[in-house]
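Going in written order, the chains are labelled A, B, C and D, and every chain counts its residues from 1.
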Amino acid sequence: MSALLFKNGFASDNHSGIHPQILKSLTHVNISHTASYGVDPLSESLNAQLADLFGDDTEGFFVFNGTAANTLSLKTLLNTWNSALVADMSHLNVDECGAPEAIAGIKLIPVKTNSEGKLTVEALKKHMIRFGDQHFSQVGCLSITQPTELGTVYSIHEMQELRDFAKKYHLKLHMDGARLPNATEFLQINFKELRKSFPMDALSFGGTKNGLMGAELVLFWEDIYKRNFRYIRKQTMQLPSKTRFLATQFLTWLENDLYKDIAQHSHKMAVQLKQSLDNFSEVKVLYPVQSNAVFICFPKPWTNALKKSRFFYIWDPDLWSARLMTSFDTTQKDIEDFCKTIKTLSHSQKEVAP
Amino acid sequence: MSALLFKNGFASDNHSGIHPQILKSLTHVNISHTASYGVDPLSESLNAQLADLFGDDTEGFFVFNGTAANTLSLKTLLNTWNSALVADMSHLNVDECGAPEAIAGIKLIPVKTNSEGKLTVEALKKHMIRFGDQHFSQVGCLSITQPTELGTVYSIHEMQELRDFAKKYHLKLHMDGARLPNATEFLQINFKELRKSFPMDALSFGGTKNGLMGAELVLFWEDIYKRNFRYIRKQTMQLPSKTRFLATQFLTWLENDLYKDIAQHSHKMAVQLKQSLDNFSEVKVLYPVQSNAVFICFPKPWTNALKKSRFFYIWDPDLWSARLMTSFDTTQKDIEDFCKTIKTLSHSQKEVAP
Amino acid sequence: MSALLFKNGFASDNHSGIHPQILKSLTHVNISHTASYGVDPLSESLNAQLADLFGDDTEGFFVFNGTAANTLSLKTLLNTWNSALVADMSHLNVDECGAPEAIAGIKLIPVKTNSEGKLTVEALKKHMIRFGDQHFSQVGCLSITQPTELGTVYSIHEMQELRDFAKKYHLKLHMDGARLPNATEFLQINFKELRKSFPMDALSFGGTKNGLMGAELVLFWEDIYKRNFRYIRKQTMQLPSKTRFLATQFLTWLENDLYKDIAQHSHKMAVQLKQSLDNFSEVKVLYPVQSNAVFICFPKPWTNALKKSRFFYIWDPDLWSARLMTSFDTTQKDIEDFCKTIKTLSHSQKEVAP
Amino acid sequence: MSALLFKNGFASDNHSGIHPQILKSLTHVNISHTASYGVDPLSESLNAQLADLFGDDTEGFFVFNGTAANTLSLKTLLNTWNSALVADMSHLNVDECGAPEAIAGIKLIPVKTNSEGKLTVEALKKHMIRFGDQHFSQVGCLSITQPTELGTVYSIHEMQELRDFAKKYHLKLHMDGARLPNATEFLQINFKELRKSFPMDALSFGGTKNGLMGAELVLFWEDIYKRNFRYIRKQTMQLPSKTRFLATQFLTWLENDLYKDIAQHSHKMAVQLKQSLDNFSEVKVLYPVQSNAVFICFPKPWTNALKKSRFFYIWDPDLWSARLMTSFDTTQKDIEDFCKTIKTLSHSQKEVAP
C-alpha cells in the first residue's frame, strides 16, 4: 500500500481527487441553512441545467455511487421477473457484488462482447427466446456501457443498430455512463444527439470518475419512472440529505464546459500515453484508444518496477494485460516518467535476451 | 420554498452546512492520487482513531446516510426471519420508507415509548413471545435511538436495564447514534463508558447531522460482522470510492474534541432557546431538553410568521407541536430573532383577545 | 405428541383430513397423461366455475398455502414502498414468519382491532398520514380477514364502511378468505354479493381449511394483476405442476354446494359446542360464534384433561383462553365427549371448592 | 390443447398422474385428525426412513415443488453475496423465472457443459477468480443436476472429480435430484454411496416427477442448515399444513423399493424407445440414454403428426430436437404407436423423395 500514498498513477480515475474548481464550489455554497433532500435551490438549478443539455423532460436524481446508479436504473425499469442483457465484462455483471440480483431482484444475461468489448445485435439475438413463458425470466432491458469497459466507444451507427434491435423486442434501454462525456467528446456529439441515437429510458450519469468528490445522477424522461424513483431511491438508502453539496459539484462541472475540458484532457493524455508506448516493441496496446483508457500487454517481470513508477491494476492475469487510466490531473510528466521506467526495463531486457 | 433559501433556521441539523474546519480538511487531502474504497491512508488512520475512542476491536465502515447505517446494521446482525424491537416513532419505523423490510428483509416490532420517547423494559416485555415457533418472526434485536427522536437521553441506568433485558432474551443490540455525541456529552461519559452500559453489536455513528458534509459510519466489534459487512455494504450499494474525503471529515471531527464542541454548542443553544421560550405563556416546551432539540406547542395562527423568522417543521399536526433543532452554527441572534417574532405575536394576540 | 395420533379434536381445521368426496375425486382424474402447470382441462373448467361464482372477469391461480395466497396478493397489488393496513392479530402480521416483509418487501401497519377482532374506520383513520412523503412507506392497501381470526364475521354494512374508507384513500383491497364460505353462509350472501360490498382487488380463497388436501387460490379481476401474477407465482416458487389434482379438489368442493354444506356443518357444530359450554359456569365463551370457532376462558387446571379428550390450542396464555375449531368432520360425539370431560372436572372442582 | 386431454405421451414425467399405490396411500391415512406442519407421526416415520437410506444425520423437509427445493437449497447454503456455479442449461438457470436471484438474492454463474450436458472441472476452473474481492460476488457453491437435463448420468468418477474441485475452493455442494433414483439405479449404487462420491450439503430430492401427486424434499445433514431451514421454509411460503398426505406419498414410494421399480421401468422404456427409434434413418438419438429421457433430431415436417400420436416438446428450435420423457406409466404400446406413426411418415417421405 505504501507505494500508493498520494502519488499520481494510472490505477483509476477514482484514485484522483477533486477537480480544484469543483472543490472550490463547495465553499461557495457553504453558507447558512437551506433545504435538504433535493429541494434546495441548487438541486433545482441543476435540473434546469440537465433539461438544457438532455432535453425538456429530463429529471436527474442523485445517488451515491455507480453501483446504485446502475442497479436502481434496472430496478426502476424492470419487474423482478425480467432479465437484462449486459456485456459479460460489464460492471453490472462483474463488479457490483451481485447487487442487481440481490437489490433489484432481476436476472442478468451476460452476453459475449466483440473484440472491442461491445455488444452486437448478432450476439444479443440468440437470447431473444421464450417470451411469454412463465418459467423463464423475461428479457426486458438492454444495458450498454458507453464508453465500454475497454475504453472503446460505440459509434452512432452501432448505437442505432442496438436501439432498433431493442425496439423490435420491446426492450427498455439503459446506459451506464460513468464516463459518458469521454464518449460524447470522442463522437463529437452533444447529449441530445446521443439520446436520438440511443433513446435511453434510464441513464447512469457519473460524476465521481470525472473529477467530482463523489456523486452520480440517474436520469429519467418518463413520468412513471420519475414518480417511482423517489421512493425507490429512499427505500434503497440512496437519498442524500445535504444535496446542495452534490448539486454544486454537478453544476460546476456542467457549466462553462468543464466536463468537456476534463474529457478532452484525459483523452489527449491517453492518446499521448498510447503513442509513447507504441515506441516499445515489448508493449502492445490492445484496443483503440477512444476515451481515457489504454490497455497494454507487457512483460510480466516489469510489473513491480512499473507499478512503482505509476500505479495501475492488472486487468487480465492470464494475458497479463494492464489497464492504464488517465484523468483530469494526468500530466505529461506522468507519461514521461512511466516511459522512462519502461525504457530502462526495455533496455536491460534487450541485454539479457539479445 | 423561497423562505428557505440559505437562511438559518431550526428545521434540522441537516439544513445546516459543513463545519468550516471540516470543509477545510477536504482541501488538505485533495492532493494527487491515492487508493479508493477504504484502503487509503486516511481511512486507515480513522480506524486507529475509532479504536482509541471505542476500544480495541472497533472497526468502522463508511456508509452514505443514516438510512443505510440503521438498515444495514440490522441486516448484518439478523436473519430475515428475525424481527427487531424499535420505538414506534423511531427513524427505522417511520422515516426509512420501508428500507428495513425491503432491504434487510426483516420485520420491525414498533413498541410504544414512554412520555420521554424512550423504550422501557415493561413495554418490551410483552413482545417476548413465541420463541422457537417457526410461524412467528423471531425477535432478535433491540434497537434504541440515543438521543431519542424527542431529544431526550437514555440515562446510564436506563441503558443498563435495557442491556440486561436484551441479554436475558439473547437479543442483539443496535444503537442509532445519528447524534450520539449529544448524548455522551449530556451524560458526561466517553464512548468506552457508553459501550459498558450498552454493549452494542452495531452502532450507527452519524456525521452528517453533526457538521459533516455527508458521511456516516457503522461500527462493529465482532469479527463475523466485520467480515460480512464488506460484502453486504458493497452489495447494498453503499461502498464509497474516494474514501479519503469521508475519512478526513471524520478525522477532523474527532480530533481535538471538535465533536464535543459541536455537541456542547448545540445543546447550549437548545437550552437557551428553551429558556427564552419559557417566558411566553402561550408556548409550552414539551420534553426535557437534553440534546439539540426543543419541542414546543404554540398557537397555530403564529405558524407562518414563526416559520418566516426561522424555519422549522411541525412535528405533530394533531397537537400542533413543532420540533426546533439547533446545530453547530446556531447563534444567539437566531434565538433572539425568533423570540422577538414571538413577542410581537404574543403581544398582538393579547390585544386581539384580552 | 402421542395424544395427537389420529384422533378428532378442536385444534384446527387443518388437523382434519380430506373430505371423502374430494379424496375420491383424485382417483377420478388419475387417468393417463395431461398438461401440467395450470393448462390442463380441469384447471380450465375451474376457471369457468369461478367466473360463474364470482363474476365474469374472475381468474383464479393456484398457490400452495395461505401464507403464499396472502403474501403474493399483497406483492401483486403493491410496490415495495407501500405498506398494508392489517389487523394486529392477523395471520399476515403474526403467523407468516415475516413473509410479507421478506418476500413482498412491503411494510405492514398492524392496526388495533375492536372487541370482536375487526378493523374499524376509526382505528384505520389515524394511519392515513404522510401521503407523498418519500421518507414514509406509503399506505397502499387494506387487508381484512373474513371471517376474522376470532371467528367473527364482518357484516355487509361493516364491509361497506371499510370499502368506502379505502376508496377515499385510493387503497387496494385484499381479503384473506382462508375460511370464506363460513362468512358468506353466515351472512347468507353469495360471492358476487360479497364482491359488491367489498370489491377486492385480490382474494385469498382457501381450500385447505375447508376439507381439501391442500390447495389455495388467489383470485384477481384486473388484467394487469392476472398478467403479472403468472410470473410472480412462478418466481416465488408457487407454481404447481400436476394441477389437475388441485383443480379437481376445488371443482368437487364448489360443485353441488359441497362448500356450503361444509361451512354450514362446521358452523352448526360450533354453535352446538358453544351452547353446550354455556351450561358450565366456569367456562366463558368470549366472542359471538359466527363461523367455526369457539373461544373460551376456562380454569387452567383443566387443561391437560381437556386436551386429552379433544386436542386444542391455547390462544392467549395471559387470559388462558382457548380456541376450539370445528370442521367438516366434527361430530356430536366430539362435543358430547368434550363436555362429559368438563362435567367431571366441573363436578370435582365444585367438591374441592364449594 | 385438445390433443393433450388425458392421453399418454412423452411430454414430461409431470404429465403423468399419480402411481396407483401412492394414490391409494392417501386413503389409508385419511383418518380422523392429526397434527399438521410436519409434526404428524407419518412425517416422523419418513425422517426415520430417510436416515436409513441416506445416513444418520439426514433430515428431510417438505417443500412444494422443484423450484423451491433448488432455490431454497442455495438460499440456505449461501449468503446473498455468494454466487453458485450451475450448468448453463440447468433448471436453476433457465427454468425458475429468476427465483434464485429474486428469492435467494444470489448470483448464478452459468457454466458451459460438455457434449453430454455435464459440468467439468475444466469448465468450472476459469470461474475461480477474485476470492476476497468485495466488488465481486463470491463463488460459494457448485450445483449439479443428477441425472442432467439431457438425461445423462454423472459417473461416480465424475462426481468425485467435482467433489475434489469443490473442496479445494471451499464450495458448498448441491444436487438437483428431481429424478435422482434414475441416476442411482443407472449407477447401481444406493444413496449412501452417492453421498460418499458427492457429499452434498443440500439435496433437492424430487417426488413429483417420479409418480407422486406433488411433493419434494430438501435434505440436509448439518445442524445449522436444519435449524435455519424451518424458518426459511415458512418465510418463503413453503410450509405445508396437512403434511401426513405428503409423508405418506414419500413413505409409499420409498418402501418396498417402489422408487427403484419406477426408475427401472422408465429407464427400460427409454432404452426400448431409443432402440426402436434407431431403426429409422431420419431419426437421430442425440445423447446416451441413461435415465428416462431420449433426445432426438427428426424431420421438422413430421412434428404435428408425431405430437398427435404421443405429445412431446421441442427442446431446441434451432436444431429441431425433441425431448421424449418416459415415466412410471409408459407402456410398450406407447412406443409402438409412436414408431408406427414414424413408420408412416418415414415411408411416405421416402416416396416423396426417393
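FYI, a contact is a pair of C-beta atoms (placed from the backbone, for glycine too) under 8 Å apart; a residue touches a chain by one contact, two chains touch by 3 or more.
Note that the structure is predicted; figures quoted are calculated from it, not measured.
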{"item": "Contact-graph distance - origin chain A, target chain C", "value": "1"}
{"item": "Chain pair with the higher count of C-beta pairs in contact (B-C, C-D)", "value": "C-D"}
{"item": "Approximate Å spacing (C-alpha centroids) for the pair chain C, chain D", "value": "34"}
{"item": "Interchain centroid distance [CA atoms averaged], chain B/chain C, Å", "value": "42"}
{"item": "Per-residue multi-chain contacts in chain C, two or more chains", "value": "80-81, 96-98, 102, 134-135, 137, 231, 234-235, 239"}
{"item": "Interface residues, chain D side, partner chain B - complex", "value": "37, 79-81, 134-135, 137-138, 228, 230-235, 239"}
{"item": "In the complex with chain C, residue positions of chain D that touch it", "value": "1, 4-9, 11-12, 14-18, 20, 23, 26-27, 29-36, 39-41, 63-65, 67-68, 71-72, 96-99, 102-103, 208, 213-214, 231, 234-242, 244-245, 311, 329"}
{"item": "Residue numbers on chain A that touch chain D, as the complex places them", "value": "80-83, 94-98, 101-102, 105-108, 110, 134-137"}
